[in-house]
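Two complexes are shown next, each including subunit A; its partner changes from subunit B in the first to subunit C in the second.
Then we have the complex of A and B:
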C-alpha cells in the first residue's frame, strides 16, 4: 500500500480521528523516552512532609499519600507502560507470524493442533489468565511483558493464518509454485510481504489493549509496583483517598491512561480499516 | 446436517475444550513458585510432616500420575483445598459465584439495552448529531479503564452527592442477607418478600453495574451500528423501501439480519466480564469470585487460583456454547 503525500492529505481530511490518535501516540512515545528526564521532581522519590497536597503551582497535579509528585509520575509512566505494551505486542507478533504462516500454509495435523491450542488459550478470560500468569512467573516487569505476548499471540496466529488462506489460492502463488519454487521461498518472498499489512495495522489496537491490561494488573497489585511510575498502580495508591474526597492522586493518572489508550485505538482503527480487504 | 445433530456435535466439542483448559491449568499449577506442601504444613513443620503432606497431596508421584489424579478429581468437582480459607475450593467458589454473576448479568443487560437501540437509531440516521455523539461514546468507552471510572463515580456520587451507599459489599452492613435460595440477593429477597433488603441490594448494585455497562456497551454499540448499517444496504431492504413499507417494518427487517453479530459481541463481553469484573469487585469490596481470585493470587493459594481460572474459563466456554445455540434459534438459514 503506497502512501504518497496526496494520499496522506486525503486521509487527514477524511479521517480526523486518526490524526488525533497519531498526535496522542506521538506525545506518548516522546514522553516514554524523555518523560523521567523532564519531570520536575524525581518520580521515584517521596518528598518528606508533602503528603497528599492538592494541586498547586508547586505540584501541578498535587502529591499522593507517599508524598510523591503526581505530575512527575504521570509523565514518567509512559516509559513503563509503553515499554511493556510495545514489547509485549512485538512478542505476540514475533511468535504469531511464523505460527500463523505454518497454520495457514501447511494444512493438516500441525495446523489443526495450532488452531485448537489458540482456541483454548483464547477461551481463558484475559484478565484472569493474565493475573495467574504474572503470579506464576513472579511479579516483575519482564514477566508482565511475557503475559501480554502470550494472551495476544493467538490473535496474530489467526490473523496471519486468515491472510495466508486467502493468498495461497491466488494465481501469483500458483505461478510461483509452477516456477518450481520451494515452500520456504514462496512463504518468505510472496506470502509474508502480502500478509503483513493487517498485522502492522492491528499492532496499534493491541498496544492500546495491552496498556489497559498492564494498568489493570498493576491496579490489583499483580504487575508493576510502587515506586516505579505506572498509571495503574498510581490509581491504586490513590484509591483509598478517593473515598475520603482526595481525588487527585487517582484522577490524573486515569485521564493520562485513558487518553493514551484512546490514541492507540483511534490510530489502530483507521489502520485496520485501510488494510481490510473486504472494505476497500 | 439437521439441527439436532449440530447441537449434539456442538455439545461434544465442549469435552476436548474443557480437557484442554484443565490440562493447561494443571501445568500452570506445577509452575507456581514455592512448595505447596511447605505452605500447607506451615513454616514450623518438620521434614517428616512435610513429606507426609506431600504424600497426602500426591506430590511425590510422577507428574503424569499427578495429572491423571488431578483430572479425576476435577471430574468429580473436587478442586482441592484452599490453604487460606481452609475449606474446599469448590465450596468457596460456589459461595461467591452468585455475587459476581448477579453483578455482571445486570451489567450486561444494561449494556445491551443501551447499545442496541442506540446502535439502531444511529444506523438509521447516519450523520446526525446523535450519531456523532454515539460513535464518539463508542470509541471513548472502549478506551476507558473501568476501574478508573468506578473510582471517579464513587468520588462524585458517594463522596460528594451521597446518592449511592458506601462502596462496601452487596447490602447495608446493618441488614442480614436474605435466606439463600439462588445466592442472588435481588432474587432471594423477592422470594422471601424482604423489601428493605431488595432495595438495599439494588442500591448497592446500581453503581458497579452501571460502571461496567457504561464501559462495555461501547463495543456492542459499535457492532450494532456497523452491522445495522450494512444490513440497511442490502437488496431486500432496497426492495422493502421501493415497496413503500413503513420505516418501523424496514428497521425490523434490518434488525433481524443485524442481530447475530450483536449477540456474538454480547456473548464475548459476558465471557470477558467474568474475569474483567475483578477490578470493579475490588473497588466495591463485592466479595465475589473476582475478589477471591485477587486474594488467592496475592497469597499464592495455588488450589484456589487454579480453581478460579478453571471455573471462569468453563463459564466462558458455556457462554460461547449458548451463543452458538442461540444462532440456531435466531437465524433459520443456518443449517450446518
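Then we have the complex of A and C:
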C-alpha cells in the first residue's frame, strides 16, 4: 500500500471530504498538544467579575457563568477529549486484536465465548453502558478511558476475527502451513500484518465516536468535571443559560465538538473505504 | 528401490450444505525414492485434495475419513501436529498452484524464504540468508541479492512460481509434491518451470509427485502415472506402458482427446465427470463408459494388476474383455 505524492493528490481530488476531515483532525490534534499553552486565559480559572460576558474582543467567545473564558476553554478541551478518546481507542484495539485473532484462528469453544461476550457488550446502548460503568468504577478520567476501551473493544474483536476468517482460507496461509509453519508463527507473520489495515482505518471512526461518548458522559455529569476544560461539561454548564438568551457558553463548545467528530468520521470513512477489499 | 511414500485407502470427505462430498474414495499410491510419479485428472477428480491430504492438511469442512499415508514407515495421519510441522517443509516440500497467491503480499520474498529455512533447523540468520540467495539463484532468478527485497506483486507469475519452488526445496526435502505448478502460466514459461523442477529434483535426488491435468507433462516428466477419476485411482502404470496401451476406458479417451484433436472422428466421453456429492453407484464412470456392463452399475471394481506394474480398476478390462 504505497502512498506516494501522486497517489495522494489523486485521493484528494477524488475525495474532497477526506481532505476536510483530515484538516479538522489535524487542527484538533495540534490543539490537543498546544491548546492550553496558546489559550489567552487560563482555561481552569475564573476571572472575577467577568461572569457570563457576551463574545467581545476581550473574550472572543464570551465567558460562562463561572467567569471562565470560553475561547480558552474551547481550544484547551481537545487535550482532554482527544486524550481520552485516543487512549480509549488504543485500549480497545490493543485488547481487540489478540482476542480477534484467537476468536478467528481457533474456532470452537473459546471463540464462541468471546463472540457471545462481544454480543452482550454490543447489545447495550453504548451510552447507557458507559454511564453505568463510570458510575460503578468512579468518576475519574482514567475510568472514562477504560469505559471507552470496553465499549469499543467488541468492534475490533469482530473486525479482526472477520479478517482472520477471510485470510485463513487464503492460499498463502495454506502454503505457509504446508511448509511447516507453526500456528503462532503464521498468526504473527502472515495473518496479523494483513489484518491490521482495516483496524487502523476504523480507529479514526472510533475516535470520533469516543469523543462523542466522552462529551456525552461529561454532559450528564458522569465524566470529566469542571474546571477541567472539556466540551461536554462546558455545554452542560452553559445549558441553563441558553433559556435566558446567553447562548455562547453552550453553542461554541457544541460547534467545536460537532466539527471534531465530523472530521474524524469523514477521515475514517475514507480510510475504511480504501482498505475495504470488497469495494476495491 | 525403497518405498518412500505409501498411501493406502485414503478417503477424504467434505461436509457442506450440499451434503457430504467424497473427494477421495480410497486412493492407493506409492512413490519410491527418487521417483517421479504423475497424477493426472480433471477438475473435481480430487487432485488438490490428494496434495493436501499427503501432508495431513485437509482444511475444514474437509476431513480425512480413513486410510494411511506412510512416509518412510511413519503414518503421517497418526502423527501429532508438532511432528507434522517438522515433516512439512523439511522432509516434504509442497508447491501449490497459482504461486502469486501462495506468497504473503506484505512480506518480501527474501524474508519468506529465510523464514522457511530458519523454521527448519538453520537458525543462524546470516547462513539462512545465504542459503536463500543460493536457492533463488538455483531456481534461475536473476540478480538474487536484489530480488530478495522484492515483494510478490513485483514478480511475474513465472518468477513467483520459481520462488515457491525455491521455498519448497530450500530444505532439501526427500519428497516434493507439486500441485499443478504451471497452471496459469504461459506455455513457454510452463516448460521452463517443469524443466527447472526436473533438474532440481534430479540434483537433490528428491522423489516427486507431480499433479497435473496435462498428459503432455506426464509424458515428458514422469516415470509412472496414476489416473484419478472421481476420487479414485483408476489406472496406474509406468508412463511408457500407459501411453502405448492405456487400459482403462477413461484413460483411453483422455489420451485420444489430446492426440487426435485434428481428426474429425475424435470420440469423447459423453457427459461430465460426476459431482462428488452425487457419485453413481458401482463404477463411477458407468454412466459415460462405452464398455459398460450390468456389473459396472452394481459393483465397485477393484484395482487389478493386468501386467506387472500396470494396474487398472475396471470390471471389463480386468476380465480381459474388449
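Rule of thumb we're sticking to: the second predicted complex is superposed on the first by the 280 of 280 C-alpha atoms of A that agree within 3 Å, B and C clash if a C-alpha of one lies under 4 Å from a C-alpha of the other, contacts with A are read in each partner's own complex, and residues count from 1 in each chain.
As a convention for this text, a residue touches a chain if its C-beta (ideal position, glycine included) is under 8 Å from a C-beta of that chain, and two chains touch if they have at least 3 such contacts.
Owing to the predicted nature of the structure, the values given are computational and were not obtained by experimental measurement.
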| item | value |
| --- | --- |
| Three-chain arrangement built on subunit A, subunit B and subunit C clash or fit | fit |
| Partner chain in contact with A:180 - subunit B first, subunit C second, else both or neither | second |
| Which superposed partner A:127 touches (first subunit B, second subunit C, both, neither) | first |
| First (subunit B), second (subunit C), both or neither touched by A:244 | first |
| Touched partner set for A:172, first subunit B, second subunit C, both or neither | second |
| Which of subunit B and subunit C A:189 touches, first, second, both or neither | second |
| Comparing the two partners subunit B and subunit C, which touches a greater set of residues in subunit A | B |
| Superposed model, angle subtended at subunit A by subunit C and subunit B (C-alpha, nearest 10 degrees) | 100 |
| Minimum Cα separation, subunit C to subunit B, after superposition on A (Å) | 12 |
| Subunit A-touching residues of subunit B, taken from the complex the two chains share | 16-17, 20-21, 24, 28, 31-33, 139-140, 142-145, 147-148, 151-152, 154-155, 158-160, 167, 271-272, 274-276, 278-279, 282-283, 293-294, 297-298, 300, 305-306, 308-309, 312-313, 316-317, 320 |
| Touching residues on subunit A, where the partner in the complex is subunit C | 169-172, 174-182, 185, 189-190, 193-194 |
| Subunit C to subunit A touching residues, read off their complex | 52, 55, 57, 59, 84-90, 93-94, 96, 98, 101-107, 115-116, 119-120, 164, 167-168 |
| Residues of subunit A that touch subunit B when the two form their complex | 17, 116-117, 119-121, 123-129, 131-133, 135-138, 208, 212, 215-216, 219-222, 232, 235, 238-239, 242-245, 247, 250-251, 254, 257-258, 261-262, 265-266, 269 |
